[in-house]
Amino acid sequence: MLPLLSLLISLVTLVVARSSTGTDVLVIVSAEEQKDYTLFFEDLEGRGYDLFFREPKAEKPVLLDADVPQFHHVLMLASDTKAFASDITPQNIVELLTKNVNVVVALSPKQNLFYTLAPEFGLVPPPPGTPLISYFPERTDPPTVLPVHVAPGPIVTPNTPPVWFSGIPFSVGNSPLLVPILNAPSESFASDSDSTTESIVESVEKGGEGLWAGSSLGLVTGFQVTDGGRALFLGGGAILSDAFANKALPDGSSSGNKQIAHDVSAWAFQESLVLRIDETSHHVVNATEPKEYYTTNDQVVYTTKISRWNAKENEWEPHTGVDDLQLEFTMLDPHVRTGIPEDLARPGTYSVTFRAPDRHGVFKFIVDYRRKGWTHLKSAITVPVVPPRHDGYPRFLSAAWPYYAGAVSTSVGFVLFAALYLAGETKEAGKKKKE
Amino acid sequence: MATAYTLPDISPTAVKNTASLVRIVALALISGAAIASRLFAVINFESIIHEFDPWFNYRATKVLASQGFYEFWNWFDPTAWYPLGRVVGGTVYPGLMATSGVIYNVLHKLNLPVDIRNICVLLAPGFSALTAWATYMFTKEMKDASAGLLAAAFIGITPGYISRSVAGSYDNEAIAIFLLMFTFFLWIKAVKLGSALYGSLAALFYFYMVAAWGGYAFITNMIPVHALTLMLMGRYSSRLYVAYCSWYAIGTLSSMQVPFVGFQPVRTSEHMGALGVFGLLQIVAFAQLARAHMSSKQFKDLLFYSVIGIGLIGAGGFVGLTYMGWIAPWTGRFYSLWDTGYAKKYIPIIASVSEHQPTAWPSFFMDLQLLIFLFPAGVILCFRELRDEHVFVIIYALVGSYFAGVMVRLMLTLTPCVCVSAAVAFSSLLDTYLDPAKPEVPVVEETAPATASKPAATATATGTSAIDDVVNAAKKSGKRGIFDLDTRLIIVFNAFCMLSFFVLHCTWVTSNAYSSPSVVLASQNQDGSQHIIDDFREAYYWLRQNTPETSVVMSWWDYGYQIAGMADRPTLVDNNTWNNTHIATVGKAMASTEEVAYPILRKHDVEYVLVIFGGLIGYSGDDINKFLWMVRISQGVWPDEIQEPNYFTPQGEYRVDDRASATMKNSLMYKMSYYRFAELFGGSKQAMDRVRNQRLPTVSPTLDYLDEAFTSENWIVRIYQVKKEDPLGRDLKSANAFTDGKKRKRSKPVSRRRAIM
Amino acid sequence: MLLLGPLLFLAAAVNAAGITLQSPRLAVTASDGETLRSEPLSLRHKALADVTLNAKDTLKITFQAYDSENSKGFQPQQTFLRFYDRASGEEGIQPLRVTPSGKVKFELNMARPPASLPATTEGAPVTVSLILGHPGFTPLHAPLFDLVLPASQPVPVHPEEHLYHVRPAIEHTFRPDPKQPPRFISAVTAALVFAPWVVLAGLWSTISPKVPRLFSPSIIPFTATLAAFEVLLVWYWVALRLGDVLLYGSVLGLATVFTGKQALSSMARRRLSK
Amino acid sequence: MAPKSTSSKATTVSPSSNPVLALWKSYNEQTPDRLRFIDAFLVFLMLTGVIQFVYCVLVTNFPFNAFLAGFSSTVGQFVLTASLRSQVDPENKNEFKEVSPERAFADFAFGSIVLHFFVFNFLG
Amino acid sequence: MHWLPALLLPLLVLAKDPQLELAELAEKGNGVIKLTPNTFELLTSSNRNWSAAIQLTALDKRRRCEPCKNFDPSWNEVAQAWHKVPKAERDNHFFATLDFDDGQATFQKLGLSSAPAVYIYSATDGPHAPASGRFGPHKYDFSSGFEAGPLAEQLSRHTPIPIPYSEPFNWGKLLTSIAGVVSFLSLLRWVGPFLQNKWVWAAGTIFTSLVMTSGYMFTQIRGVPFTGPNGSWVAAGYQNMYGQEVQVISLIYGTLALSFLMLTAVVPYQTSPGRQRVQVYLWTFVIMLVYSVLIALFKVKNRGYPFRLFL
């Protein structure tokens, strides 16, 4: 899309924008599927996003122009599509993510390029054509459409009712960058509906293609790219669809799909759980200016200011109440690791005082705060720690008094001796010579 | 009186004045020659700092000149030995920098805005002139002015000294040799006169020496040995006491003012000899005093018991203190001079330095040509009239020749002594054959040395031997001299030829062997014209201009100083090899696979890795040839991770072609050296390594964790950039596979249960 | 989910065809074939006593799946055993092989445990439950019993996992400051150092050197300059910098040389005049 | 040694059994006052040094540089003074041909000043 | 306990357990198995539950292999040391020696061009097989010399238990040194005057410095052979030399120095002009000749050297 346009839009929408990164969303979805998500799209637009739609096979608008991302967020709902336009490749999607673009990917039982994308994030989808099946709870719907209980977590609003899901599960790797949001019910498993017990049993045996079953599988999983954007993997796009949003649960109550759609998109588009370090400073106790060098055993004060994105107010606000922030003073290995308590006087500022190690070298103040679901906070400031200057050592120590006395008295003695010697008569010497 | 040839009759005073004038002129000319012959480097190449260490000295000097002495003293260099940093003030011999700093300031006071670099480049030649003068003074004490002039000429142009003092080799030795000779001169003077003034002066110059060069330990041990020998020869005198005590008392205290030396003079074995002799002198002096007041009988047993007793106490105390760890035993570097196998086994870093290799005879001849065989003759002559100062030269000759044999670099300490004694020999030859007196008439100037030597000779040589008889008999007969003119002429002519040959030799050696500033290389084109290979500076300036100030560069330690000096970037290790583990770490990174090396690189914040590769144009001093040392050094620290044999073929050959061992091929160093090397040759016909003379495999190694950043014109310097971790947390190998569009093999949910064995 | 299962099952049991089990049994046999335990299972409630399996034991579960309508064995599509560790949340799903007649004979041999078994910690039991499901049937999820398995290796964690939690604090241990002796002792010794002056005075008084020329004009300047030098040096120790002291020193040095020449030559004259 | 002094020795020394006493006796008898004046100073320096050394050994050597400075100032002064003594000793006249007593004192003064410079530089 | 089956096996099967066989062999050659090609195959058989260290050497006179002779004793010492460990462990590692003349084929198979060499084969199965799966042969590197100490230390990495080798205290050295001191002191009376003669010292000094300046230390430290393989005694190359060169060069230097001395110290004392002249010419000639020889030698070492004298 035209940069000018994007600029214009970003200017216009600056007021109502809710994401911390931007408002332009590219939705890659086929025309017929597009109708299934009207509610979701309305919700997004209501939150100030500008949606740009693109057919999976269409060439425009491009994701990247000369390696510059053209959108702030990309929504890949074209899950059933097999072939995509040339610029929609796993590599490009990863590149987008590293450039702080947020990507939502909906998978489906149909194999497509996302099947090669997901494993890069440690998410392994089941063999193609094997949707998630569950006979629990007994209901009239087909077994591939199932209500899933929402486990409490940082991302989804607490006690959200169960949500309808239809799609595939994927096994979730142990990478700490992964954020499980919605997991499969323990009775569910991935299989094509006409599979028999034999085939299922064989799948787990040696050489089988494996069994995707149980509550350890992910249905909706987030991924926080290191200093980059956020990726959200949906087992199936349907979870965002109008159909499921309006569909009542077996017990008649309304489903949580609307809610979860809102929450996960908010997380994925960096509205929620977004932190940043505003500033860090360091100086010696009762000084204000940072020193170029610190001397060993200095009392050093390290201060950092953390703020959090407030999507409602659409602004960065001081982030209070972090009690597990830690500072490392590192040369090769951390020499000091201490918690940084919050400075209650100034909200959002955290400050700690510690004694510099008695060992010189090039040290680094390192704050590396990572919590699942949150953006990572990383700050490293290099500062040399030097030994005291030649005149930096204590002088006139009591222990050395005798030595000072010795030196002085020798000098005095020398002067006196010289005076008397010079003044003395040289006669005796002469006499001795004579005798 | 009858003379071999007619002498113009000139008044003795006139002769004296002319002689002194000639002497001054000669000295001036010698200084000129000394300086001139060291300028080949500037003429052939340019006014540039040479080699490795000089680059650090130059950098330090700039700091000193720009920020003043106190700042220099407290200078902490965070870019060296990253991230350990280096307390430069406390780990250098500041004498060199201080000297050029002073010169710089003086010149600027005189409104002569000279660039500090030129001062540094020309410091060594300047001081070589002073060395010539000092040698002159020293030799004058040995024999006479004419010998002195010869010695000055010798030291002025002998390659053995030029090799370390050409223009641009801005190293401690540049000024140290002058200080060495001058301190010795003052010492000899002090012993001769028994003057505390000369003793104190010797101490002052000793202090300068300590501030200038680690080799001061040579003085610290030479002077005590001399004093001790004199005492053993029964030549103790109050003069010796005065000279030694004033030197030691002031010298030791002053030497401890140098931060780098610190308390060593009272804490380490290298310095204990001097202390012991000092103590011994006190005892003997007291004994002498006592003797003046007692009958010899009483004196004898008192002296005997006291000396024995105190000697025992002293020895016991020394042992005890060493045992308690108060006195450090010999440091490795020093110890390796005695136990020559020691270094290779325990301190490979030292053994790896080329100038620490033993000396084969050709380098002796190369450096000293005819002096090397005149030198024994001179020593014999010293024995003939065995005055105190001659004893000094003899000891020097003995010790010096041993050290020079053990280490190439110590040739430097031998050279002055060789020059002196050679000069003595040569000039006494000329004296004999130029002396106009004919033997018929009783010889008028029975030369001073002869007379002076008689008592000495008789005093010492109590036991008589045949040689003594010969010499003394000859002396008795008194008829000494040359009868005929032709013999005189042939000898003089002969001597003249030899000297001129010496000059030719020195000029040739200096211009061809010792004037290359290894930063810039020279090669001959087909038409014989000189072609300058400037890859090093090309690469260093690339770093300086294309990388951020703070990006850390890893390379083998040889290039640390140059990178710091020319590229101005932090380095992991440099030529000041004080931290074995850190160097071993670099060695390990170079010697192990990418996967192993990568964490090390990241931990040390390395952003660029620099390797020297000579395979393309046949530059033999490259890193592949130094690789085994890296392996050895890191093996010393991680014996079970790095093992030298794995880098050889099963037949025990060191190969880089397709027969090279797997460990070798996977090592980071190998990969960085030969990355894209085969492509350069179009892949079809195999790439040829001109240094190893081996054909490389047609497929060159691949790199997953590094990116090639820069390769210099002749591929001598190759710089690689270290990749960042993958933002998706994959290992870079699979990340690369993904970007290259390689399919990842399908995986399935894995069992999380691992049974306990 | 656990609580949900049985609840729904009860709710649904009324309207659709259900699955029931015929003669479900469990048996535990040791490696030498000795039967340690053998008892019928119930779908209604969990077995009271935990079942314990040792390293070489074998757990055997047998039953036949029945269609509750026409009460004949059939083959449900989903016949899973679920092992669930409530403490760690680890879960393993083991599909069971069912004969067309619905017969199930499952053997869990701890010598060769199946891949589906979850990682277990010492003493913590895993709940074993049976999951039966088939299109058109009321599904069944029945907890059978708690199973105590030998502990396994802990679940492998990602090398960077620890960065996502609070890490242990690190204190730097400082070198102890050099200890100072009590000032009193130092003071006394300092005083003691001056004691030899007494001796000196005594000795000199015995010798009683004649000092006729103490204030003679030729001597006194030399003495003064020497004294000045010492003062300068002490001053250097207290306050001055090196540069200053070298400057003053050089000036003073010249003076001293001059005065020294005066004094000493005068002395020499006197001496030789003798 | 000059033959003269030995001869005088032979005459003056009483046949005392204890060599030390004899030593002391003959010392007092035949040392010129000027030398004894110097010797007194030597004794003073020695005592000063010994006290410092004892303090260093028994109590603390913590500012080691201070100790070295103080101690070596006494030692250095001692040896310089001893040199002066032997140079002005008339008995050593023939040993020091070039060094007249005045020259000796000049050397002594020079040495001492240099020594004290380093001492105070090192005192910390 | 791993050796139990090893001991019981022969009773069960008729075929002799190779391990036992080897153990007996080792017993015979007390500690070191004297290998033949067959036993070599047996020892290094592909599935072995023992490890082995094999010294490949050429001790025969005709081979003129100095290093082999130097290394052999320390090898045997270490083997002895290993022989001391309890049989349980001992039979899991064998020391063996294969001489070139017994197994030329084997040498060729291993592609060995130089001796001595030590190959270490670690066990391929059984409890002692290395986890790394690198069964060798590992080649022992002689970078730390031929001494027994480092050998034992490095081999211990491959043996089931460390080799209990301890440097034998060198009584001989101590005694000889003591004896030397004593005899010196006792002889002092007669040696004394000799020692007080300065010309003795002069001779000593001159000799030392001559030897040193002719590169003696180089030959010592590098341990270069006395002459080249093909009898040539001048090593090619600037930084390289043979033992014999030291003698030749120091002789040359000595001669030159001597003739200078003669010209300076002896010739002038001649009483008759004739004899003096003869001597002067003689010594001058000697100097010219020997000096030219020296230059010629130097040209051999340093090809680029442009100057030459009469030859």
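Just so it is clear, A, B, C, D and E label the chains in written order, and each chain counts residues from 1 on its own.
In this section, a contact is a pair of C-beta atoms (placed from the backbone, for glycine too) under 8 Å apart; a residue touches a chain by one contact, two chains touch by 3 or more.
A quick note: this is a predicted structure, and the numbers were derived from the prediction, not measured.
Contact with chain C and chain E alike is made by B. Counting C-beta pairs in contact across B-C and across A-B gives the higher total for A-B. Here the chain at the heart of the shown protein, by mean C-alpha position, is B. Put simply, the chain farthest from chain E by mean CA position is A.
Of all chains, the one whose CA centroid is most distant from that of chain D is A.
Averaged C-alpha coordinates give centres for chain D and chain E that are 57 Å from one another.
A separation of 24 Å divides the Cα centre of chain A from that of chain C. Measuring from the averaged C-alpha position of chain A to that of chain D gives a distance of 78 Å. Rounded to a whole number, the gap between the C-alpha centres of chain C and chain D is 64 angstrom.
Touching of two or more other chains is recorded for residues 70, 729 of chain B. For chain D, the set of residues that touch two or more other chains comprises 33-34, 37, 41, 44-45, 48, 51-52, 55, 59-60, 62, 69, 101, 103, 105-106, 109, 116, 119-121, 123. Shown for chain A are the residues that touch two or more other chains, namely 175-176, 211, 216, 397, 399-400, 402, 404-406, 409, 411, 413-414, 418, 420, 422, 424, 426, 429. Working note: touching chain pairs come out as A-B, A-C, A-D, B-C, B-D, B-E, C-D.
For chain A in complex with chain B, the touching residues are 90-91, 94, 97-98, 116, 119-121, 124, 171, 175-177, 208-212, 216-217, 223, 225-228, 293, 331-332, 360-363, 382, 384, 386-387, 389-390. Remark: chain D residues 32-34, 37-38, 41, 44-45, 48-49, 51-52, 55, 59-60, 62-63, 66-67, 69-71, 73-74, 77, 81, 88, 90, 93, 101, 105, 109, 112, 116, 119-120, 123-124 touch chain A in the complex. Across the complex, chain B is touched by residues 110-114, 117, 137-141, 143-145, 157, 193-194, 196-202, 205-206, 208-210, 212-218, 220-222, 238-241, 245-246, 249, 252-254, 256-258, 260-261, 263-269, 271, 273, 276-277, 280-281, 284, 287-288, 291, 294, 298, 301-302, 304, 306-307, 309 of chain E. Considering their complex, residues 70, 73-74, 76, 78, 82-85, 87, 89-90, 550, 603-604, 725, 727-730, 738-739, 741, 743-744, 746-749 of chain B touch chain A. Note for the complex: chain B touches chain C at residues 69-70, 729, 750-756.
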